[in-house]
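Note that chain A is present in both complexes that follow, paired respectively with chain B and with chain C.
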Partner chain A sequence: MKLLNEYGIAFALLGAVLAALVPGIASAKAVSMGGVAGAGVITEDPAQFGKVLILQLLPGTQGIYGLLIAFITLSQIGVLGGSSDISFVKGLLYFAACLPIVIVGYSSAIKQAKAAVASINVVAKRPDQFGKAMIFPAMVETYAILALLISILAVNGVSGLNI
Partner chain B sequence: MALQKMQRIYIYALKKDKDRILELLQRRGIIEVRNMLKEDKIFRREDIGHAKESSEKNVAAVSQALEILNSYVKENKSLLSSLKGRKELPEEVYASFGEKLESVVEIAKRIITLSKKIAEEKAELIRLQNQIEILKPWVNLDIPLNFKGTKHTAGFIGTLPKEWTLEEIYEKLAAYMPLDVEIISATKEQTCIFVLCTNTFKDNVFETLRAMDFILPSISLDKAPAEQLKDFEKQAEEIKGRINTYLEEMKSYDKSREDLYFLLDYETIRIEKYDVIGNLLQSKNVFIITGFIPEKDAKHIEEELTSKFDLAVEVTEPKKKDQVPVLYKNNGFCEPLEGIVNSFSPPGKGEIDPTMVMSLFYYMLFGLMLSDAGYGFLMAVGCAFALYKFRNTMERPMKNTLKMYLYCGISTIFWGIMFGSYFGDIFDVVGTTFFGVEKVPVIPPLWFFPVEKPMLMLTFCMAVGILHLLIGLAMKGYQAIKHKDYKSLVYDAVFWITLLISCVLLLLSMEMIKNILGINIELPAYAVKAAGILAIISAAGIILTNGRESKNPFKRILKGLYALYGISGYLSDVLSYSRLLALGLATGVIGSVINKMAAMTAGGIFGPVIFTVIVIIGHALNIGINALGAYVHTNRLQYVEFFGKFYEGGGTLFKPFGMHTKYYKIKE
Partner chain C sequence: MTGLKLKNKSKNEMTDNLYLYAVARIRSRELSLLNKADIDQLMNCKSEKDALQFLKDKGWGRDGAETAEEVLMAEREKTWDLLRELVDDMSVFNVFLCVNDFHNVKAAIKQAYKGTKIPNMYYTDCTLDPETVKKAIIEQDFSLLPEHMREAAKEAYEIQLHTGDSQLCDIIIDKAALETLYAEGNASGNELIEQYVELKVAQADINIAIRSVKTGKDKDFLRRALVPCKSLDIEKLIESAAMGMEAIYDYLNKTVYSDAVPALKESAQAFERWCDNRIIEYIRPQKYNPFTLSPIAAYLLARENEIKTVRILLSGKRNDIADNVIRERLRDMYV
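After this line comes the complex of A and B, so read on.
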């Protein structure tokens, strides 16, 4: 067990790194999907740039949520300074706490990008319907936000556990 | 919280005053013209397609000309010009523009012709330059390229692929002597040759050359290449000169730009007028205008019209089946949010205007999501500055947008102070890295740090959510009262509000919930009991009444049960407000990450400089991405959670007959 305990920090760091990696990759892909669709609209109607940009950016937030969890975890486990004495169980718990944003962040970013691309097409044809078009991708984001919430609460909660 | 009351207006007037009356109405811009009467034998509508067409043609030509002009001569536009609004023009300019119209259209046409000419000349120039390129290898040849031979000789001018020496060529043609071969120029790619042979061997020589992949030059000219080259170059110079004069002329139209823009506006006004004329009922001497007018303006315009012209005005209440257009009546605090309501949908028939109620929550939710006093300060100051600087000329929609962000910014400052966030934790970081401050936080939050007590923050967010939803239901009740539909008031609003409140009370009395939320309230036993009873009564009420549109009692109960199942929807609605916490935390934590990164570089002489650069760039990015998030998700909470409870929309906005110009505003 003592030997295992030295690996606690490794699992915790793995969780944090995945939280930055996976949603980040997904958001990059998602934003590029929006960019491709948006560029097409701009060639036809450059005046829609502002609206299209907002829609393109919407699925970019998952990457930021991931970063957020990664950062909170890093500072909790002492990688950014302080003591890094993490037991094996605690390390695994940190890892698990990161999972919601890792998994939901990944899949929701891609799905949200699809909704965003569809909304960009709406703006191309009917720029006045921007307000409604914006809501569709935002609906998808709800689940990323819920996952973020659980990850925040879990990471914060784990740090208070005495195991 | 209201809409302007609309009335039907009918104006019966003499045709001789038609132009002046329409001019006046267009200037006032308070009547939306609609067809309300049918055509008959005497009163007919006029076909104005022809007149409109010439205006539309002008608009098309001028738009094209402006696009061309802008591509040749850059327009001087400052970054802030969109804030400035339309330029004001005195009325005389508008009135006298009719005389100038033709000349401006001519300028537009000339610009289009010029751009065509420039394009043609450029194409010609490219053709010439290609020929020059082809001719260049032949420059040492002193006979024309189309030389075919003399009486007794045959000449071949052309190219061989790859590099050839004189010997190699002679070797191939040795059988057909006498002949003369000259290499005009040779490169690795091709060798240009001139072969002269006797007429007897003409065909044999050609065959042999063909076998060597001999190709005739792609152009055939009467002059010697050197001479021809000079000609071409001269021509190219001439073309360039012509292009330059065209460009000069194009530049000279820079000063006509304003006229061109104004023509667009002028024709827009005319087209709008033609559209209205097309809707008028006209007899030989009389015409009738019908439409909607806000009640507050009806009296005034009636007086003005009757004092100036011989006509009759009739104002009546709108009929039941009328799709009355929507015009808002709101104060300065909630007016900025009309745009948000419109982008969902303007209030439909019989609906109340939700702007006022929405505005209270809109600013609050936005502030909670951004929740950083520094960011809020930047937003508020930026908007206030722009509003002040362009206070006289700024257009209304822009003004409203800026005002909305101003109020959102103020709310953000408030919540930032409550939660102790100033550009993340900039004061703490600057204090500890540069001034050795030990006591952090430098400015403690007025209430608490959400990062330290996330569950308390979550509880607060859900409480806000429940309040928001209850107000949505109350709005439904209010609407029912307005329509005197008291059944709906009790069944759809009161029952649900009671059920929700009693359920919340019951949940709060459970140990588990109390533990999760970390709150400690002891509800008196009788309150819990009362809540339980109320919950059962209201749930039963919902089951019995919410399927009331079905006559079949069995179906009715089933529908009622399904409606009660909608309570799970309320659960997800309330949970949806947890985004307030998540987005609020995101702003604060990313802000502190930026500060921490900056603090890592703070050592050394250049430390403070690098620190400042990182802080500025980092926070600029953070404010952008989080303000966007706050805007989008505030809208979502309003549209989905709040409007879902009582508001459908579906109305059309009031579009008065007026001067909807784009570039200039005509002064009265």
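After this line comes the complex of A and C, so read on.
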């Protein structure tokens, strides 16, 4: 058991790394999709730059949420300072606590990108409908926020456990 | 198995994302397509000159394009210039151009047979250089042609030169053209293009069957001319054609083309209009699709339909045809 406990920090760190990595990659891909579609609209109508930019940036938030969870986890497990004495079970729990934002962050960023691209197409045709068009990708954000919330609660909760 | 599914999913996503820029630009361009109100305004023009002026005010034509045909040609060129700008691999549009290659083969065979060149007899919008096609036929070097054209071109050339039977020559080339169109369309993996080629081949088969009844052609002729497709049973169509026009209508009433029967009974032009409108029905959902090649293909077909409609309208105005007669010939618009 003592030998296993040495791996606790490794699992906890893996969770933090994945939280920064996976939603970050997905957001980069998603923002790029929005950028490509946005560039198409701007080529034809440069006046739509502001509207298109907002839609492009919407799926970028998952990367930020992942970064936030990674930062909190790193603080809690002592990688950024303090004690890094974490049991094997606690390490696994930190890993599990990071999973909501890892999985939902990735998936929601890609899905939100598709909704954002569709909305950019709406702006291309009906710039006056920007307000309505923005709602559709924004709705996808709900699920990324829910995952973020659970990951924050779980990471903070795990730190208080005496195991 | 899961690995294969993931690989396919990833490939589909890549294909989806390939045309994001192009589709966004196409969306903006769709704003300048003629809608029903524009067509009504064109109809209200008193003369062809007024209608042309209306189109020029809408940005149609280029500098120096004066006649209706020059304006329409300029619009077609503009569409292809835009597509060339948007899509790196233009081979995805071969399905819309391959038939023109076969037209050029036919033109070259006629030129070789008659020994005279008719001006503007070659299409320039095609997948093969018209000069190469001409050289292949005139010099009988069929190896210059792609494999799928070689055999048909050689057979048609020999029949034209040895028997002078232009109709048989045309049938061989037309059949090869339709077979190529069908194969290209089905190989595209794009549902819209598959629907398009299915309709085009079925339209050609129905037209051939109807004409064969009118001209008293036999079953062997039909077997030689018709191209198999999924939506028609060629053998049943041949049997029906042998029995007469009503039998063809009865057979078509049992197929997905039952709606076309009233148009067929009316005239060949009405059937052509029905087919063009059906294509517009197929492409209309693409107005709301931000991914894949389909919205771009839909834009191309919408432009072709628009140019055809304007040509009919201008021709009607030029020849003082009554407005109600012109209206009957107009196609539905995409936007």
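Criterion: the second predicted complex is superposed on the first by the 163 of 163 C-alpha atoms of A that agree within 3 Å, B and C clash if a C-alpha of one lies under 4 Å from a C-alpha of the other, contacts with A are read in each partner's own complex, and residues count from 1 in each chain.
Assume contacts are C-beta pairs under 8 Å (C-beta built on N, C-alpha and C of every residue); 3 or more make two chains touch, one makes a residue touch a chain.
All values reported here derive from a predicted model rather than from experimental measurement.
Asks: Chain A superposed: clash or fit between chain B and chain C?
Replies: These partners fit in the superposed model.
Asks: With the two structures laid over each other on chain A, which partner does A:T142 touch: chain B (first), chain C (second), both, or neither?
Replies: It touches chain B, and chain C stays clear.
Asks: So, does A:Y65 touch the first partner chain B, the second partner chain C, both, or neither?
Replies: first
Asks: Look at A:L57 in the shared chain and tell me whether it touches chain B only, chain C only, both, or neither; answer first, second, both or neither.
Replies: First partner only.
Asks: Using the superposition on chain A described above, determine whether A:L153 touches chain B (first), chain C (second), both, or neither.
Replies: first
Asks: Given the superposition on chain A, which partner contacts more residues in chain A: chain B or chain C?
Replies: B
Asks: In the overlaid three-chain picture, which partner chain does A:L92 touch, first (chain B) or second (chain C), both, or neither?
Replies: It touches nothing on chain B or chain C.
Asks: Looking at the overlay, what does A:F130 touch: chain B (first), chain C (second), both, or neither?
Replies: A:F130 sits against chain B, while chain C stays out of touch.
Asks: For A:L18, select first, second, both or neither according to whether it touches chain B, chain C, the two together, or no partner.
Replies: neither
Asks: Upon superposition of the two complexes, what minimum C-alpha distance (Å) separates chain B from chain C?
Replies: The answer is 9 Å, the least C-alpha separation in the overlay.
Asks: Go through chain A and flag every residue that touches chain B in one model and chain C in the other.
Replies: After superposing on chain A, no chain A residue contacts both chain B and chain C.
Asks: Within their complex, state which residues of chain A touch chain B.
Replies: Per the stated touch rule, the residues are 54, 57-58, 60-61, 64-65, 67-68, 71-72, 80, 129-132, 134-135, 138-139, 141-142, 145-146, 148-149, 152-153, 156.
Asks: Using the touch definition from the top, list the residues of chain B that touch chain A in their complex.
Replies: My answer: residues 340, 342-344, 454-455, 458, 575-576, 578-579, 581-583, 585-586, 589-590, 593, 596, 625, 628-629, 632-633, 635-636, 639-640.
Asks: Could you pull out which chain C residues touch chain A in their complex?
Replies: 17, 20-25, 27-31, 290-291
Asks: Would you pull the chain A residues touching chain C in the complex into a rising list?
Replies: Counting only chain A, the residues touching chain C are 33, 36-41, 43-45, 114, 117-118, 120-121, 124-125.
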